[in-house]
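First subunit A sits with subunit B, and in the next complex the same chain sits with subunit C.
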Partner chain A sequence: MDKKPFDLSKSRLTRRTALKGLAAGAGLAAAPGFVRYAQAQSSAPIKIGFQSHRTGIGAAYGRWYEKTTAAAVKAINAAGGINGRPVEVVIEDDGTDPGRGAEVVGKFATQHKTDIVFGTLFSHVVIGSAPAAGEAKMPYFVVSEGHHVASTKLNRYVFQPGITDVKSQIQSMAPWIAANAGKKVTQIFPDFAFGYDHRDYLPPALKAQGADVIAQIAIPPTESSFTKYFPQIPAETEVIYHVMVGPAVLTFVKELGEFYGSNRPQLFGFIDSLEAVDINSPGLEFLDGSHFWEGSPRYAQADDSAAQKAYRAAVGIDDNGAAVGDPKDVSTAAHMFGCWETLYVVKKAMEDAGYKGPEDRAKLVEATEALTEFAEGPEHPQGPKTFNGKIHQCFGIQNISKVEGGKLKVVHKTKIEDGLYEPEGDYPKQAL
Partner chain B sequence: MKASAKVYALHLGVVALLAGLGFVLPEYHFGLLSRIMVLAVFAMGYNMLFGYVGLLSLGHAMFFAAGLYGAGLSVIHLGWSVPAALAAGIGCGAVLALLVGLLALRTSGVAFMIVTMMFAQVFSLLILYFSAWTGGDQGLVVPQPARSLALGATTLDLTNPATRYCAALTLFTLALFVTLGLVRSRYGRVLVAIRENEERTRMLGYDTFSNKLVAVVVSGAICAASGAVYALLFGYVGSNFASVQYSILPLLWVLLGGAAATLGPLVGTLFMYYVTDITSGYTSAYLLIVGVALILLVLFFPKGILGTVRQRWLGWLP
Partner chain C sequence: MPRHRPRGDRGLERLRSFTAENHAGKLAFVAAALALFLPVPAFAHASDRGHVLLLPTGYYLVGGAFAVAVSFLVLALLPPAALDRFWRRRLALFTLGDTARTVVSLLSFAGFAVLVAAGLFGSRDPLSNPLPLVIWTLLWAGMVLAQGVLGDVWSWLNPWYGPWRVVTRLLGKDGGEGKGASPLSRPGCWPAVILFLAFAWFELVYPAPDDPARLAWAAGLYWLVSFLAMLAFGYEDWSRRGEFLTLFFAMVARFAPLGQDETGRLFLCWPGAKLLAAEPLPPSGVAFLLLALSSVSFDGLSKTFFWLGLFGINPLEFPGRTALVGIGSFGLVLTFILLAAAFLLAVLLGQRLAGVAKSGGAGLLVWSIVPIALAYHFAHYLTVLLVDGQYAIVALSDPFSLGWNLFGTADMQVEAGLVAGAASALWLWNFQAGAIILGHLLAVLVAHGLAWRLEPNPGRAALSQFPLTLLMVAYTVFGLWLLATPTAG
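Let's look at the complex of A and B:
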């Protein structure tokens, strides 16, 4: 059979055909998302370099940060991407190591040629990677909760717009502790930087509320048994404030329970100790009735907003904060929402900047610095936030949850103002 | 061609090759090679003691970290210039090596490994203990504006990738020819004699303790130079560089490249870095692949890559 070549010269464009075509085109163009995707078809994706803790001490967090990021990117792309371009995530493992972290940032900048780098959690990796980001003039959006960004000791390219910092979190907790748990507080913390933030920021915050830290017990990171430290807890202690982290936390709680029995002071902790750990694990029974800080609640709450419910469904966590279909795979819910929210901040800043490519990175930095607040909603399901462009840090609400019947129930939400503090510097004064 | 001429031609050729690669390598590998050259110097310092004296230390991270913190903290807290900070870093490493050597060299074999590891552990914990100064486990950033070197009317910005590559190559070249000169000298032969038979060397009238102590100090100073340059070029000082992992790494690099081979540390560091970098792009179980690669190398290159090359083909390799 002969194939006839398609001959344009023999086709006739009638006025009716032309009108039909125009109408169809206009209809498509008006359809939600079409214009943006039509442009996307001719545009390269926005490439986001995800510096992930796939191995090393941060692996449990890294896995959930990846899941949350994937869910956020899926949602952003389904709604038209960023500036009409789809988002593509490139993942590199930093081994939770600052040396490798800096190399990974370099790899994103010079090999993958990503538009930004995103997603780092552990503070030492952030601090180790920040110089590489600054030198490459690579916007670096971290989800770390460390105070390092807000301290303005890093550089103008580093931002933390999706999760509050530990100084703000601690300050927010003080009014509730003083009013509800007790006024004589003993702190037990690991003898390294994470613990020092709590050691340094809690006493003045409690003092302002008329309460006092009466003892501070630092436990070396190499310690595997804790009973010998407990006699140092003053008898008049009304609240034990504990922030132990790492595998030893189960032993810590168990030994604390054996030390006090049923007659214990109030307990207040940061859920960082038990992220990705089932609160019903053997040995944790002693925590029943105690309180924890949570950035975002692990367990579904009766008053969860529609945005919170949609976020949990998108990420794939059940009502107990575990992976849907695998109740033993407990999430890092208190922190991982920061990945979701940070990506929406990046989207907003890129759209404000009219971001087209790496040549617009400086514009992106300035557009991010110009942001001031993020309303609660599908893009910010954890709650409303303000953003201070001088210190590249957001401020938001915090949750205080009580362990009841093997679940964490939110009993108090702080206000944004509770966590505000005076800026310690001014990043925009640094040259781009 | 005389053997010594071959040796110098080879080493000059390697330096020329590295310099030439700077012009052709893609941007990412250009940056990575800068880092590899600096860390290869760390391995060279380790090789000085392990390869040529036969002393297996499990604590060399402390010498690297002494240089790292000596240089980094003098810039951060004292505002010292780059040359002064570099001198401070090397000085810290040399003094620490002298003190550790005086005590650790009273032991040998497994005891030496344990004692050096314990000293490194103490050093690492001291970094955490003095966290107000050292930044503890989080570490500190060396400010970008301070990382520049004034040379007459010119100022070299060490954060510039090209300047950084040149600085790393300069350090590498200096360390390479210092170690080459040392191991080919009369002193180097004494060290090898100690490695082969310390008792006989002593009977020949050599003060083996003093010779080993000098080797520890030289080794520590070279490792510290690597640490100091790392802090100044890459802008971060952190306690993880003092951890036991960073004592094991130079041992692996040297074993892979070839112990007692002057170019072995470069080959080993290069190999490990690229195996890790490439495999981590495919799987999070990349350490498993690295482990398999190490086993294969031990099976087929038991003396390391260059050690085996020397044994089978190029007997003149130093």
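Let's look at the complex of A and C:
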């Protein structure tokens, strides 16, 4: 593609102007007797309802999803908006709470009358909100990486076109692990749904590569000391595949280091464990030389594309993946790119559909389902993707990064094909 | 676009939407059922509590308990009269008239009205709308601490006094502050206890306390109801019995090293010294102060792995506040009952132990809770103040999200990194732990001074404090544990 990266240096739009205006609009729309003449004008903004984890346990992610969304909207508007109309984002906080998530989707549909709802990360909020989106016939674009959309167990209005789902991520790690880290793998994971994805999807994928999971150690979620579990790791283990999450992760790594000393098996993890945490924190020294999955690299890489560089500059992250001007504020780089890319998918689908307003939501659903691939470039800086309209899920490349010199260095990029699997259903068969 | 479809289409449309609704209903059910077993990636953040887990917090717990216990022993050996004289020293400053009080309060009311309007019509984002940031961060987290340091500035800043003065003037009432006999003298401050409980429930249990519009309604209605009550019962009377903010702020202001005497003269004194001269509180006042402390304690407790584990809730897959309304309501009340029972038992036991006949000890000794409440407040809200305080400064420059920049802060970068990472965790922990331990040390000191008022015999006064000191040692450990234990989010 010959598209040039964004040059926002001349744009006078600030972050606030990207997200402003929604307030007064919301107030007016709520006022009785207000006739929305503006709707008929072609210059009326496209309203995107941003279901945001502003408070609650998702707030650390929510903050970066908001920054990325603001940057993408600013870039889209600077380049002429969608179908020549400016994009306006209405933020509603869902408190990272499935109950409120459903309520917020309802508010977007009836009160703010947004064109779509977008931006949800936490899976339980997605699952809690999806029925409300279906009932309101509201296109719902999530950035969650859960397998729930692709499982086709939600509904036809729910899409995940900007980030690969976890099943695909796990599966695509297997070829590299088997070829480079070792053939005998022990998994350590938290004993609940998050861990079960890894428990269930990794063994068959490794098997197909001639490697084996030789032990699976499930750790109770409330555990804060781990040394007693380590003797369960078989001595012949070549790779420890770990996906611990929560506040005790640092303790886990520290104790694992104390258990093994300098003579350890290979370590492979998902950066979800340490998203938004400085990799050089005390206690994490043991991770030096180990490998992590990353959706999009936290650290700037020597071979970053112009699009990747422009994306990082637009969102405001430095070479270490922290906020420009606030080096301790480490971003959720591995996931937040999904907000940027999803908004460009929405733009493409709306333009394909000739989208005019909420009455065209069904057309937007069909236009999104008709999408098949997204080329790497300014709109998709993380990399190329394919999209499966049957399961409303995109598939992209994944990064495997090595902790080296206090940074994460990408040592392998997977192929899209590594993460493909048989569709589990067919959303377009559902009535609109 | 065909916004007005031909009538003939309507039936078809209705039929379509009917079947779709049915379908959507079924889907909703299926999805709800799915939520129970579908693999759910969660992003439980390896938050800054993770860094605290690596600190030697156990030493702090032991050291804190030891310091509080030792302070009791040291005080028991000191001659109480000399200590009392030393502690009551004051440094007179200047006289501050209250002529501007009405104007300041009217300005504050105007600001409040703008904030409520912002809550209704401004951004829906609780980190961009100034109302939730001002109410929860600046007022609740910040003002309590300001009162504890500066004294009763709220008596000037509250948004009721000015409007009340103006309206009573206009209505031809005397404008007196209702200090005389009151129809409310019998209920004590139980109205404030009930209202504080409602406030704490809204803050800690209700699913959406940050929603700008809901908060605008809640705060606006609360202002109005309080204002009407002040018109009916007198400003002073309702402020002491019903308006929980003013009552709580006035109580914590008694800790401040700055005060004002009856003649209007400002003075400096030792922190907590003003508590020594306090009048005993009625049972409702005791309940009020204990509720204030227990609610902040519960806020900390409710997020711990321990508490969530009691109810079989996976903290790494925190289900959100909507799912926890019942457990939260129960916990809020339970924490209060446990603290109140422990406190009353400690006071009663102490009096038994020392053979003190005089009753009403609890009403006086409860003032020793004030330094602890302040310490908990500081430790608990420190990070909120540091980060959300910045969001507040940004939001106030553009209260309606119209692109304004009233104070030149609208484009200020919010530095969330201030509280992130291992280095921050270390200094935050030290400040928080230091505050908890210092608060309890001062509480022991205050209780010691108050006990001497109840029982002039130094030996017996000290003995009467023994159970209460044990409670304070336990609460020190509890407070430090709340800051050190794994939490959700």
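Basically, the second predicted complex is superposed on the first by the 390 of 432 C-alpha atoms of A that agree within 3 Å, B and C clash if a C-alpha of one lies under 4 Å from a C-alpha of the other, contacts with A are read in each partner's own complex, and residues count from 1 in each chain.
We take it that a contact is a pair of C-beta atoms (placed from the backbone, for glycine too) under 8 Å apart; a residue touches a chain by one contact, two chains touch by 3 or more.
Treat the numbers as computed from the prediction; the structure is a model and nothing was measured.
Trainee: Based on the superposition on subunit A, does the combination of subunit B and subunit C result in a clash or a fit?
Mentor: Once subunit A is superposed (C-alpha atoms), there is a clash between subunit B and subunit C.
Trainee: When the two structures are overlaid on chain A, which partner does A:His148 contact: first (subunit B), second (subunit C), both, or neither?
Mentor: After superposition on chain A, A:His148 lies in contact with both partners, subunit B and subunit C.
Trainee: Output check: A:Lys385 vs subunit B and subunit C. Expected answer is one of first, second, both, neither. What do you get?
Mentor: In the superposed model, A:Lys385 contacts neither subunit B nor subunit C.
Trainee: Is A:His242 in contact with subunit B, with subunit C, with both, or with neither (first, second, both, neither)?
Mentor: It touches nothing on subunit B or subunit C.
Trainee: Is A:Phe192 in contact with subunit B, with subunit C, with both, or with neither (first, second, both, neither)?
Mentor: A:Phe192: touches subunit B and subunit C.
Trainee: According to the stated criteria, A:Lys356 is in contact with first (subunit B), second (subunit C), both, or neither; which is it?
Mentor: A:Lys356 sits against subunit C, while subunit B stays out of touch.
Trainee: When the two structures are overlaid on chain A, which partner does A:His124 contact: first (subunit B), second (subunit C), both, or neither?
Mentor: both
Trainee: May I ask you to name which of subunit B and subunit C touches more residues of subunit A?
Mentor: C
Trainee: Does subunit B (first) or subunit C (second) touch A:Gly99, or do both, or does neither?
Mentor: After superposing on A, A:Gly99 lies in contact with both subunit B and subunit C.
Trainee: Mind working out whether A:Gly56 is in touch with subunit B, subunit C, both or neither, as first, second, both or neither?
Mentor: In the superposed model, A:Gly56 contacts subunit C only, not subunit B.
Trainee: Is A:Val277 contacted by the first partner subunit B, the second partner subunit C, both or neither?
Mentor: Touch status of A:Val277: second partner only.
Trainee: In the superposed model, where does subunit B crash into subunit C, at 79-87, 223-231, 241-249 or 259-267?
Mentor: 241-249
Trainee: Going by the contact definition given at the top, which residues of subunit A touch subunit B in one complex and subunit C in the other?
Mentor: Comparing the two interfaces on subunit A, one with subunit B and one with subunit C, the shared residues are 54-55, 92-93, 95, 97-99, 123-124, 127-128, 130-132, 134-135, 146, 148, 153-155, 192-193, 196, 221.
Trainee: Taking the touch rule as given, give the residues of subunit B at its contact with subunit A in the complex, in rising order.
Mentor: 26-28, 30-32, 35, 128, 131, 135-142, 144, 159, 234-236, 238-241, 277, 280-281, 284, 286-287
Trainee: Once bound in the complex, which stretches of subunit A touch subunit C?
Mentor: Contacts found on subunit A: 14-17, 19-24, 26-27, 52, 54-61, 63, 66, 90-93, 95-100, 112, 121-125, 127-128, 130-132, 134-135, 137, 144-148, 151, 153-155, 166, 190, 192-194, 196-197, 200, 221-222, 224, 245-251, 254, 272-278, 281-283, 322-323, 325-330, 335, 356-357, 359-360, 430-432.
Trainee: Going by the contact rule set out above, which residues of subunit C touch subunit A in the complex?
Mentor: Spelled out, the residues of subunit C in touch with subunit A are 1, 3, 19-21, 23-25, 27-28, 30-32, 34-35, 38-47, 49-51, 53-54, 120-129, 207-208, 210-211, 305, 308-309, 314-323, 398, 400-403, 410-411, 413, 415-418, 420-424, 486-489.
Trainee: Provide the residue numbers of subunit A that touch subunit B in the complex, in ascending order.
Mentor: Per the touch definition, subunit A meets subunit B at residues 54-55, 92-93, 95, 97-99, 102-103, 106-107, 110-111, 123-124, 127-128, 130-132, 134-135, 146, 148, 153-155, 191-193, 196, 221.
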